[in-house]
Amino acid sequence: MGETGAAASQRPVSVAVVGLGYWGPNLVRNLIELPAASVACVCDTRQARIDTIRRRYASVPGVGSFEAVLENDAIEAVALATPVATHHALASAVLEAGKHVFVEKPLAASHSEGLELIELAERRDLVLMPGHTFLYSPPVNRVRELIASEELGDVHFISTSRVNLGLHQPDVSVAWDLGPHDFSILRYWLDETPTHVTALARGYAIPDIPDVAFINIEFASGTIAHAELSWLAPSKLRRTTIVGSQKMVVYDDTSNEQLRVFDSGVALGDPKTFGEYRLSYRTGDIVSPHIEPAEPLFLELADFCAAVRTGSTPRSSKELGLEVVRIIEAVDASLQRQGARVEVDELLPTTVVPFLAR
Amino acid sequence: MGETGAAASQRPVSVAVVGLGYWGPNLVRNLIELPAASVACVCDTRQARIDTIRRRYASVPGVGSFEAVLENDAIEAVALATPVATHHALASAVLEAGKHVFVEKPLAASHSEGLELIELAERRDLVLMPGHTFLYSPPVNRVRELIASEELGDVHFISTSRVNLGLHQPDVSVAWDLGPHDFSILRYWLDETPTHVTALARGYAIPDIPDVAFINIEFASGTIAHAELSWLAPSKLRRTTIVGSQKMVVYDDTSNEQLRVFDSGVALGDPKTFGEYRLSYRTGDIVSPHIEPAEPLFLELADFCAAVRTGSTPRSSKELGLEVVRIIEAVDASLQRQGARVEVDELLPTTVVPFLAR
Amino acid sequence: MGETGAAASQRPVSVAVVGLGYWGPNLVRNLIELPAASVACVCDTRQARIDTIRRRYASVPGVGSFEAVLENDAIEAVALATPVATHHALASAVLEAGKHVFVEKPLAASHSEGLELIELAERRDLVLMPGHTFLYSPPVNRVRELIASEELGDVHFISTSRVNLGLHQPDVSVAWDLGPHDFSILRYWLDETPTHVTALARGYAIPDIPDVAFINIEFASGTIAHAELSWLAPSKLRRTTIVGSQKMVVYDDTSNEQLRVFDSGVALGDPKTFGEYRLSYRTGDIVSPHIEPAEPLFLELADFCAAVRTGSTPRSSKELGLEVVRIIEAVDASLQRQGARVEVDELLPTTVVPFLAR
Amino acid sequence: MGETGAAASQRPVSVAVVGLGYWGPNLVRNLIELPAASVACVCDTRQARIDTIRRRYASVPGVGSFEAVLENDAIEAVALATPVATHHALASAVLEAGKHVFVEKPLAASHSEGLELIELAERRDLVLMPGHTFLYSPPVNRVRELIASEELGDVHFISTSRVNLGLHQPDVSVAWDLGPHDFSILRYWLDETPTHVTALARGYAIPDIPDVAFINIEFASGTIAHAELSWLAPSKLRRTTIVGSQKMVVYDDTSNEQLRVFDSGVALGDPKTFGEYRLSYRTGDIVSPHIEPAEPLFLELADFCAAVRTGSTPRSSKELGLEVVRIIEAVDASLQRQGARVEVDELLPTTVVPFLAR
């Protein structure tokens, strides 16, 4: 186009948003606010969805055909907010068309699908980024800092509840719908993928679609975790407790004080005699650190645009996205074996691609 | 003794309290307030513990020897608040001495020990009662009514957190210490014993003594449950959520409003076409029913005295106490098998006593 | 224009929004969503404010001159979101130009200014409506129903706290800024204007601009009220307690459960002997009624458009708006007299217009 | 008695507790636990009250006659937990009998009565101590430290709510019953007595006995305060907000975290131009300091015993007690004048005793 490199790197990324269901409009709203992006068009097969968007953003073109998006050379990147089952086919088509792609979480419906997408993106040298929004949440990042700085000490265990009344997904279980949030956060905080998972789940509202799951998780470092995921609950709960050897943290995403740091713990003194332990409990101040508010989705899309323009690796990387899929598959395997304890690695294909080696 | 039957049945039960650690003083305080009981003496091998009690209750005799309690014919019943490991030996001695016995929960340190105590009590026609105090808690009983009256509909699942910082027990795991509360409540609410349990636990403060446990529980009726038990937590939590097909309940023992009943749920309409489900969510009023406060321990000890005087079966029966022990043993078995799913019945001895047949 | 009356009555009201500071953009957003309205233009003397709006709503024209709005015959109504001091001059100009006018609360900077606006609107047969948004809040209306149906019994007293850190207004006191909310709600609930007010206030951040006020309020019916208003507070509080002779209500605008109805009270039995009273306290269930959520500002603007099209009296009437101004003036009078108790009526001009007679 | 001075100073103070209604039993329980005291007897004209106490503390003698207490030379001090109207007569009699006296708050039913008690105690060189228990509350003392250390900056205002359903007092208003708590705390924190009070109150349950009061309070330093006192409320509230120029504190006596310190505030920059102010809001961390729990009543009674033995001035001094009475009298004066603003000093007798000079 004749523009210089510097100008090109500052030019907004031209993004098409495909899928205008529950989440797509949030992508549109943030991309419109984001200086690094411009919304090339919105795309959905349902005209009513397009009309709803255009009532608010009259200047954004609406497109009914996915192929029209692929064929439009002015579009550099596509953000997909479509059902999980479509991620592989649609993202592959976007990459094959030479465009960067942002895929709502989870990356794909299976580990092998995710692997194929990653290989395709690497081959074409294009950005493939899953939308693990919580990795851009200010309190989630503050917890990561508290862990990395060893202020919490060793992380003993993490217990999390992500429950609400609804919204049932007709096509995927609660583990596929809500699990990616917690699994991506755990992966981000602990810098390790679980070794084992054990799951108990039931589907009450829709046969064969689990709407409540209790998931036990083990890490090689010794940390354990429990995740309660449910679409059946009396009230919304987004509460995670992180118990470290030095301090403890409660992260409640629905509270005005999203983080509370407890300077509490227990210490084991020298045993006086065999079999006799002397424990001392420490209860100190509780601090709710001020956290500057920011919209995670806005930061996430900025990271995507930076990756497109500069080639940087986004925090929500495709490799992390693949590991999240692997954990969900292990949960499914445990459920299929009636709640048996499952080794996450046993599900790996024999030929492991290099980036999965840790 | 020459008194008439009517007078005898109204005479206070003469009770000795053995074990004046954390819980024993609570037994003393309630027995002193209870018209149906009189405190014959308090007993502990540690004179300092006796002195502490007698500073407040100067008229209650203190005894340093357990044998002196057994030999005192004026004592009709003994309340044991001693470590779990001593329950079998001490309770057996009490029963052999021809006295009724109240044993703090859990009933015994193993299923076989519990079975022996039950057989001995039946042979001697004496009351053996485990102290499952929560069975006398007004909100726990209100939930039982809500379930029994089918106001909640089918009980889909129950999720409970019973966590706190401390008090670590030097001799038993958190499952033996806190588990009896939740297992006895679940047994009481659902009128069934679990079929399977799966547990994940770690001991962080004291090696080999689990201080956090995540326990998945399955019932034959289809109900599932999860219990989080921990002595390592930033703050006290006693929160149980019961999700029924018609209503949902949150029971929080630390709140001013111990029960909250949510008239909320999800309904599945007729599928219009294959694979398409139509769900409707219902969000109605939330009611915190007024519950007349009462001290559960007081009611429990009154039930014990009634059993002694009238031969009635206490709500906290020895059979229920034995089933609680059986569930904890299954949790231990799961932990020994690295978190495998364990069938509760497989741990039963081959000769099942009649009262365990369900 | 040749269109029939029916078509005209369904035609969206063409509204200009003047003033794009804190509140104006909310008016724009809701008017755009409202089928009964169309946004003719947005107007501000600051081009940057117009640009911000147009980045989101590119199809809405921006106008820098208020006169241009007045001269545009296609504009039927103007919504003013400008400082209080400008309300009289701007609203007068709108009415003189033959257009309907919606004025953000409070209606005017003084009772006499408000009176002039009302007389002008009546003379020109145009809609003049103050923006008392809380009159359209679902929980506020539910409380009004509870009072009107006498479910609460006699309303004994109302205590309200509306505090936050900021936003200080440079030109008006906290009583002029936050007071209109509570005074309009009290007026709406009780259907009466206070007889007396007593106020204590201080200005800490800006000299002579009170940023905290404690206001005692008396009604002829016997009800009393207290309002705590402050821009200096550790956290946001929007809590109103209504104590009736039969039931009590807590209305918390920041809570998930905005209303909680307490079936509690005290009853006075017959005195047994002179000077001896027997009271019985009643503590019953607490109910958080489900309230269908709705955006009050949306409902308010719909009410404005209905008034424009049909001539109906909006719930937030100009008469109610004038009474609110009168209450604030009484608060100011009390402050000027160092906290003396002030009769609200004494501030009235001698010639009272008919609609103020109650 | 021949014992040496050192032994005498360590001998427990022999205390009689007179009045076994609501509060008296708490005095008994704490005095029994207190090494520095011994309970000589409990006294009430109602035998049933004595029996209730003696069921728990069988070794404590019960006495039906106040004269018998006065005549008993072994009794060194009397703790009065009787109705306010009796304080002057009973405390005078105790002092006249040469015994020290602890009087439940408020010190007396009027300023002149209180003055007489003080003069009598000084003349007889005996301890006269009012029971302002909150002066011994750990969180109240922590707030005093935060103020004294100027960590909060200037104290701008204090807003407090002390409300509950019941217990109505048949003989005194809510201002006499609950007011002493807040007035003593304010006096203790601020080290000054209010200059003016303005009150609005109503008696709903019992005619002429106010059960709700809104009280505005002014101090010479510029601090203002508001106290909401009520026996008619949907739920118990003990919430005090202290807004300083540097930090703000919420003290909630019913919460697990009794103090929360907010590092928040507003700063006024240099005005750029006349009439234009630039404010910056600061929102920092929120800290719930760990406060070692302690029973205030126990500490208070220990302070009384120390005063008896060593002649020290108790923190809850008779002078502070008199000032509290003076504030309540000013509240009553405001109510009698229909809510007029009352100068606290105008109620003082012309001859002010020296200790009241500040």
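The chains carry the letters A, B, C and D, assigned in the order they are written, with residues numbered from 1 in each.
Throughout what follows, contacts are C-beta pairs under 8 Å (C-beta built on N, C-alpha and C of every residue); 3 or more make two chains touch, one makes a residue touch a chain.
What you see is a predicted model; the values in this text were computed from it and never measured.
Visitor: If you list every residue number at the chain A and chain C contact, are more than half found on both copies (same) or fewer than half (different)?
Guide: Mostly the same residues.
Visitor: Please indicate which chain is farthest from chain C, where distance is taken between mean Cα coordinates of the chains.
Guide: B
Visitor: Pick the pair with more C-beta contacts: B-C or C-D?
Guide: Contact tally favours C-D.
Visitor: Using mean C-alpha positions as chain centres, tell me how far chain A is from chain C in Å, no decimals.
Guide: 43
Visitor: For chain B and chain C, let me know how many angstrom lie between their CA-based centres, rounded off.
Guide: The answer is 55 Å.
Visitor: Please work out the Cα centroid separation of chain C and chain D, and write it as a whole number of Å.
Guide: Those two chain centres are 41 Å apart.
Visitor: If you look at chain A, which of its residues touch at least two other chains?
Guide: 235, 283, 286
Visitor: What part of chain B is in contact with chain A in the complex they form?
Guide: 156-157, 159, 161, 165-166, 168, 170, 196, 198, 200, 202, 204-206, 212, 214, 216, 218, 222, 224, 226, 228, 230-235, 241, 243, 245, 248-250, 260, 262, 264-268, 275-277, 279, 281, 283, 286, 338-341
Visitor: Of all residues in chain A, which touch chain D in the complex?
Guide: Those in contact with chain D are residues 257, 263, 283-290.
Visitor: So in the complex, the part of chain A that touches chain C is made up of which residues?
Guide: Those residues of chain A that touch chain C are 32-33, 55-59, 235-236, 256.
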